[in-house]
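Two complexes are shown next, each including chain A; its partner changes from chain B in the first to chain C in the second.
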Partner chain A sequence: MSTPEIAPRRRFLAENPSVLWFLGCLALFTLGVTVLSEGFGLALISTSMVKILGMTLCLCLIAVAMDVVWGYCGILSLGHFAFFGLGGYAIGMWLMYARTQGIVVESLSATPIPPTDIEIEKAIASQIFGVVGSNELPWLWGFAHSLTLQLMMVVLVPGLLALVFGWLAFRSRVTGVYLSILTQAMTLALSLYLFQNDTGLRGNNGLSGLQNIPGLDHVPQSALSLWFFWASALALGLGYLVFAWLVSGKFGSVIRAIRDNEARVRFLGYDVESYKLMIFTLTAVVSAIAGALYYPQAGIINPAEIAPIASIYLAVWVAIGGRGRLYGAVIGAAVVSLASSWFTGGGAPNINLGFYTINWTDWWLVLLGLGFVAVTLFFPRGIGGLFDMIVRKP
Partner chain B sequence: MRSIPSLARLAATVLALGILSVLRPVVALAQDGLQPILQEYQAEIAKPSRSTVEKVLSGLMAADRPGTAEFLLRWQDRGVYARPTDGLFFYAEEIGDALRLIDIDSGAAVAEVSSREVSQIRPNSGVRAVIAAALVPFELNAPDPARREAALDAIARSGDASQIDPLSQSIETETDPALKQRKERLLTLLTAQFASALPYRLAAIEGLAGDTSIEARSVLNQLTARVPGVGTALPTGANIANVLEVGTDISEVEAYDRLVSANLAPPRQSATDRRDVLAQHIVDGAVGGVPLHLLNTDAARARAYEALEAAGTVPPRAAEDEVARAVAAHVFYEVYTEPNPEVTAAAEDALSATSHTLGLYQTLDLVLDGLSLASIFFLAAIGLAITFGVMGVINMAHGEFIMMGAYTGYVVQLFVPDYTVSLIIALPLAFVVTFGAGVAMERLVIRHLYTRPLETLLATFGISIALQQLAKNIFGTQARPLTAPDWLSGALTLNDIVSISNIRVAIFVLALIFLALLLFILKRTRLGLEVRAVTQNPGMAASMGIDPDRINMLTFGLGSGIAGIAGVAIGLYAQVTSEMGANYIVQSFMTVVVGGVGNVWGTLAGASLIGFLQKGIEWFNPSNTLAAQTYMILFIILFIQFRPKGIVALKGRAAGD
Partner chain C sequence: MTTLLEVSGVSVTFDGFRAINNLSIQVAEPELRAVIGPNGAGKTTFMDIVTGKTRPDEGRVIWGEKNVSLLGLSESQIARAGIGRKFQKPTVFEAQTVRENLAMALKARRGPFDVLLYRRSKTATARIAELAEEIGLSDALARRAGELSHGQKQWLEIGMLLAQDPRLLLVDEPAAGMTPAEREHTTDILKRAAETRAVVVIEHDMEFIRRLGCKVTVLHEGSVLAEGSLDHVTQNQQVIDVYLGR
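Up next is the complex of A and B:
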């Protein structure tokens, strides 16, 4: 029984050397950052830089998911950041609740009579929701006291949303551009909903202080940042492996066929809708996991994060990196998001033209926009396409 | 209503002489002139104060000498002077540094004195307000209509019973029909509120039924105002509005709180209070024999408290059954502040009649709101409908064309200061600018991507973020004003409920013009024929001698140009920022998709549906427009499930794919 399980795996890795290359590069990168980091090594990379790199790995993971759903299955979803944000919210609820609980219990322990559970809960609620003028814990937060339950929420809530939304959309054969607009409407509705103060997630204040992990107060941020960096790298590696395996087999052939000619696949007897629904839901769950790892490093999440523009940027990363190849998505996400923070963070030197000084914080988006048009027009295969030239035509 | 003027006529005959004598030319007779009366109150007039002014006024009113109104006006305006030598009062005219004293009764100049020989009387603002109120009856008959109107405003602001008679008398002599109508209205309101004769009052209240003006409604609401009451039995003689049933109309908690605030029951002990009491009685690490570390549950605390209660150290607290008993022993009700039940009954009837009319007007207002929102969506989306619907091209930069149009309007206003002229220049200029931008974009980018619609979406998104940032770099991040000319800044007002701003009317008209224009172009011109041919079958159209490239270019230019004009219109009432386009793009897409692609009528239907729907949802929850948008989008998502091709779906070969 054991041989048929092992055999296809060997064949899979042997047939896809790029997966091994990628995992190797990722491992080397992780090792390099660890050695250079403040927490465990030479302190050449600051803690905030480690956090940025860890967040970038999370963005790479959602880009891989986006590549699978768009590049392989042809569904241009403009709403995957909604799942990313929901994952962040789900883990953020526990982080915020548990941390506030710690603070509240400590402050109440000074009172002569020990507090009851109801008193503790009320104090937590007014701590968290005082900012939106409420002191009741909404029903939404029913599981927030338990890390296990909330971790389940990370997967279940976005998964269910994707399942229901996808089922509705695919069942009525909404395809192409219409589906893109529909997914965009979904993420817009979600962000507008969360912007309201009375929805139980603190309105536009969002959830904050997520970088402080409850129970790990004694661990310095320099070490914590590395832990999250490792977790992100691990998640990216695993996600990459799973998706690479998924798209390499027969399943992968079917979804690529759906991308190329949906009607023909249907005529061949495949249940196109189920395949699409499965891909949509699976990528949504992976996006949510990426979000759950991202926001503890970012420290704050608010509804602006899941505005439609974020999901469009996601599509831009994948397109620049190169659709239909997983490492392309990783490269696109890493290059564009890091370049973005480099340019807008004032890292790039200004260019003095004599009559006008180009200040990159102002002009980066113009460059990105035009560069993106150029990539779409002239390099439809993206940066990943360059690898083809190197590998296939030495 | 009808009985009021006759009442006025009746009362007028009694007092007409006195009032009319005010208007009569002043005849100076020493013994019945004003001065002797004034001398009676010499000290109070010379040094007026809030406490004495009422006495003076009632004295003057009672004497009712000619020229009283004139005197009060001048007194109020610091135009009265007292001569210290004999205490007489004069009016005065300034002649250079000197003053010419004028006799109050005869109006003749008496003497010229320096300003040091007489003292000016300066009532403070409190006194002036009292004088002004007393002047109202005089002002109601003033020859200047503006003064009469000001007096009416004063009554409308703060009416009381004393104004009923002068008001009804002044109606008789009123010549201005508009003012006369207003006086009659005010009289009805005052009668309803204050009249002492019940039949007139009831008639007036009946007359207010169906009147939707804010004043009428506030009068009725005042008449039906209620205060909560509680007691062991219903009070006799009180005008009870209704008796509250505990459990249905009022919760037990609320009921008990009322008892407590009426001092009919001891306050309930809250969990916090109990904790504080327990904390005061800690003995050797325990309270009432219960160790401290066990006091972290409600049950343990109750046990500890009972132990203390049993020992007699703390007073007993209101237990649940005591609360229930206390509530059951009392009756809860609401009392009208107006004691007469006939009046309140009539007012309630009038109010319910009003609420029907009110509902009708509110619906009308809602329809107007929806219509104006629909026309904005239509304007924003129609350009998109052409490019997306006719060409199948997703233009994410459409919103930025709207923004370009608005900024064009702003720039034109910088150079042309006259807002009307600048608007006339801006509209075609915005069309030209965005037409050019659209054609350039089609030539440079979209033409190469016709076979890849999803990539058009991404490429135009790239253009969109570049244009947005470019606008930010040029015009800055703060909102720029695009000022509407004066004739657009007002509002069309039907009554207190239904009104719509002129800009919104203009946008509605503009939307209608666009609709007509587009239908004309598409159905009646050569270009429209060719556009429809290329839409339906590009290959066949090309073989018939139509150049699809040219048609696509022109269509795209047309769609973009319309977006530019829409930008000017939207900029007039919203703020012009670099992000204004992005606010409309998702809505515009949904309008097109919901309406049905490739059809002007479809866009109209989509815009109407979305506009009315959003206003309708907002109506349920007016404070929360975010929720309205959320639910609207959810509705659209569901709607597309059931009609994936939109409201107006193309059929046959033209439907494509």
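Up next is the complex of A and C:
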């Protein structure tokens, strides 16, 4: 048998012009925000707005991951925000520990006798856990002193959870709505667990002060916000590129086939479960990375962040944006999450009807619900589908 | 000719209904075999058992020279062992192009990482072109499978079956919804495939089976009623009573 010659494969980007378009738009957006920001340029965009935009980019990244797992592979996971939250907690532990350590060491340096390591650790523990009535550092925080180790936790903890959960669920051939319910149960259980005070993650207080980066006290928030904004843009760009490559070619063909008829794919000899597990775990890890970039910008994380509703919103963003196309997920996440903070943050003026005043803080969810129904009925391909009318897919 | 597949003493019950009752069939390699029988005789269930879709309550299904039991394998493992299947209702991936459908079926490593790093080779491209030629879809390679006519979908599925390069092809009603000319072409494809492999065809159309000119197995109420040449089984009084005479 002769070795098959490798055909000159047409370049991936040449075959997928939308990826280049997206990356171009993202780069322009990043540049524009930078120039207009307080930290570097014209100060037309406030620091808090830069943070909101940076956080939105992280939400876009998890939406892209959701689109791959749901829109391409057909697994309607309603639990991906659990991975997002775990990523946030993992990085938050280091941020909080290292910052408290800095404060403790400084305040103890005034004492005549230099404090021992054990004294410092005790002081850190009572600083962090005093709020839940404890002064012991839980075993969970064993790695919290090291940024490298906690960064590994960002990937490993959600990755392992997804791997074990996915393995159990897919091996038992749990599919469709049953799988969705199972993922909801997972994120609910995790959230309820974290709400308890004795779990070592400060219960409903969560982790706070995450916007202060240890060792970077001299850098103003206006600059820090930009750094995180750039990091988020880079993560979104890279994540988009990786996923776009993943869903192109034969691998993409197989996972779309699994979405449409997984039994048939089995009879072609593909082990459907391992494909699903791979996609589920990979998207969970990307969600966790998005979370690890999001929460230092948000400044605080608590168990309410991974309540079941968060993951449902994620599915709504992707549905509104248009699933089965990655830029659709980005559009959906950006439009809906920005609109949400505008409406609920008091940005939208209340409408006085004389007999009744529409207060958007209360009515935003109604509007979102109507929007969701309208998109489902009239634009089943979502906002992203509108692009198809302009550019015909090859 | 050696025995490739040996089904012996297999029984399956669905909610008290005995779909397969002590069924024993042997298929050699190469061989072309037709399976006929009235509705509910267990023809499709037989294929379900061989491909791992249905687990029998009792009996053995033995495969290949090494006498591997198929009952312990998953559907995808059975497919990788060399058993390909075409369904009664054509099931192709309608949202994807004919080329993508064939490429997915083409014999190659099936693991996720193998597929992720898969690169199109000239041999693979040539093989797809060759298959498309054989199933008359050369001009339709870039079209979505959902746009094809019923008969073309049937052929695409046969093409996918051949692309897998299996040792045993299980073909469920390949000629349903085809014009006489298309039927003739289908018989040619199956006969050619059976020169080097085992092919089992379920069909209702006697004319089609006559053209195949092969050994026929008649199923009735989940077990073999008669086996032999078409002329032999059509003269069997029991076969006439339960199947032909109606």
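In this section, the second predicted complex is superposed on the first by the 381 of 394 C-alpha atoms of A that agree within 3 Å, B and C clash if a C-alpha of one lies under 4 Å from a C-alpha of the other, contacts with A are read in each partner's own complex, and residues count from 1 in each chain.
We adopt the following convention: contacts are C-beta pairs under 8 Å (C-beta built on N, C-alpha and C of every residue); 3 or more make two chains touch, one makes a residue touch a chain.
This is a predicted model, so every value here is computed, not measured.
**Q** Taking chain A as the common reference for superposition, should the pair chain B and chain C be classed as clashing or as fitting?
**A** fit
**Q** With both complexes superposed on chain A, which partner does A:Lys250 reach: first (chain B), second (chain C), both or neither?
**A** Once the two structures are laid over each other on A, A:Lys250 reaches chain C alone.
**Q** Is A:Arg173 in contact with chain B, with chain C, with both, or with neither (first, second, both, neither)?
**A** first
**Q** Where does A:Phe40 make contact in the superposed view: on chain B (first), on chain C (second), on both, or on neither?
**A** In the superposition, A:Phe40 contacts neither chain B nor chain C.
**Q** Residues of chain A touched: more by chain B or chain C?
**A** B
**Q** Should A:Leu370 be classified as contacting the first partner (chain B), the second (chain C), both, or neither?
**A** In the superposition, A:Leu370 touches chain B alone.
**Q** Please indicate which partner A:Leu192 is in contact with in the superposed arrangement: first for chain B, second for chain C, both, or neither.
**A** Only chain B is touched by A:Leu192; chain C is not.
**Q** Rounding to a multiple of 10°, what is the angle at chain A's Cα centre between the Cα centres of chain B and chain C in the superposition?
**A** Computed angle, apex chain A: 100 degrees.
**Q** Using the superposition on chain A described above, determine whether A:Trp21 touches chain B (first), chain C (second), both, or neither.
**A** Neither partner.
**Q** Which holds for A:Pro112: it touches chain B only (first), chain C only (second), both, or neither?
**A** The first partner, chain B, only.
**Q** Could you state the shortest Cα distance, in Å, between chain B and chain C after the structures are superposed?
**A** Scanning every C-alpha pair, the shortest chain B to chain C distance is 6 Å.
**Q** Just which bits of chain A does chain B share with chain C as contact spots?
**A** No residue sits in both footprints.
**Q** Could you pull out which chain A residues touch chain C in their complex?
**A** Those residues of chain A that touch chain C are 4-7, 9, 246, 249-251, 253-254, 256-257, 260-261, 263-264, 266-272, 274-275, 278.
**Q** Could you please specify the touching residues of chain B with respect to chain A in the complex?
**A** For chain B paired with chain A, touching residues are 271, 275, 278-279, 282, 287, 292-293, 295-298, 301, 394, 396, 445, 448-449, 452-455, 457-459, 461-470, 472-473, 582, 586, 589-590, 593, 624, 626-627, 629-630, 633-634, 636-638, 640-642, 644, 657.
**Q** Given the complex with chain B, which residues does chain A contribute to the contact?
**A** Result: residues 76, 111-119, 165, 168-169, 171-174, 176-178, 180-182, 184-186, 188-189, 192-193, 195-196, 308-309, 312, 315-316, 319, 362-366, 368-373, 376-377, 380 of chain A touch chain B.
**Q** If you look only at chain C, which of its residues touch chain A in the complex?
**A** Of all residues in chain C, those touching chain A are 51, 53, 74-77, 79-80, 84-85, 87, 91, 93-96, 100, 103-105, 110-112, 115-116, 118-125, 160, 164.
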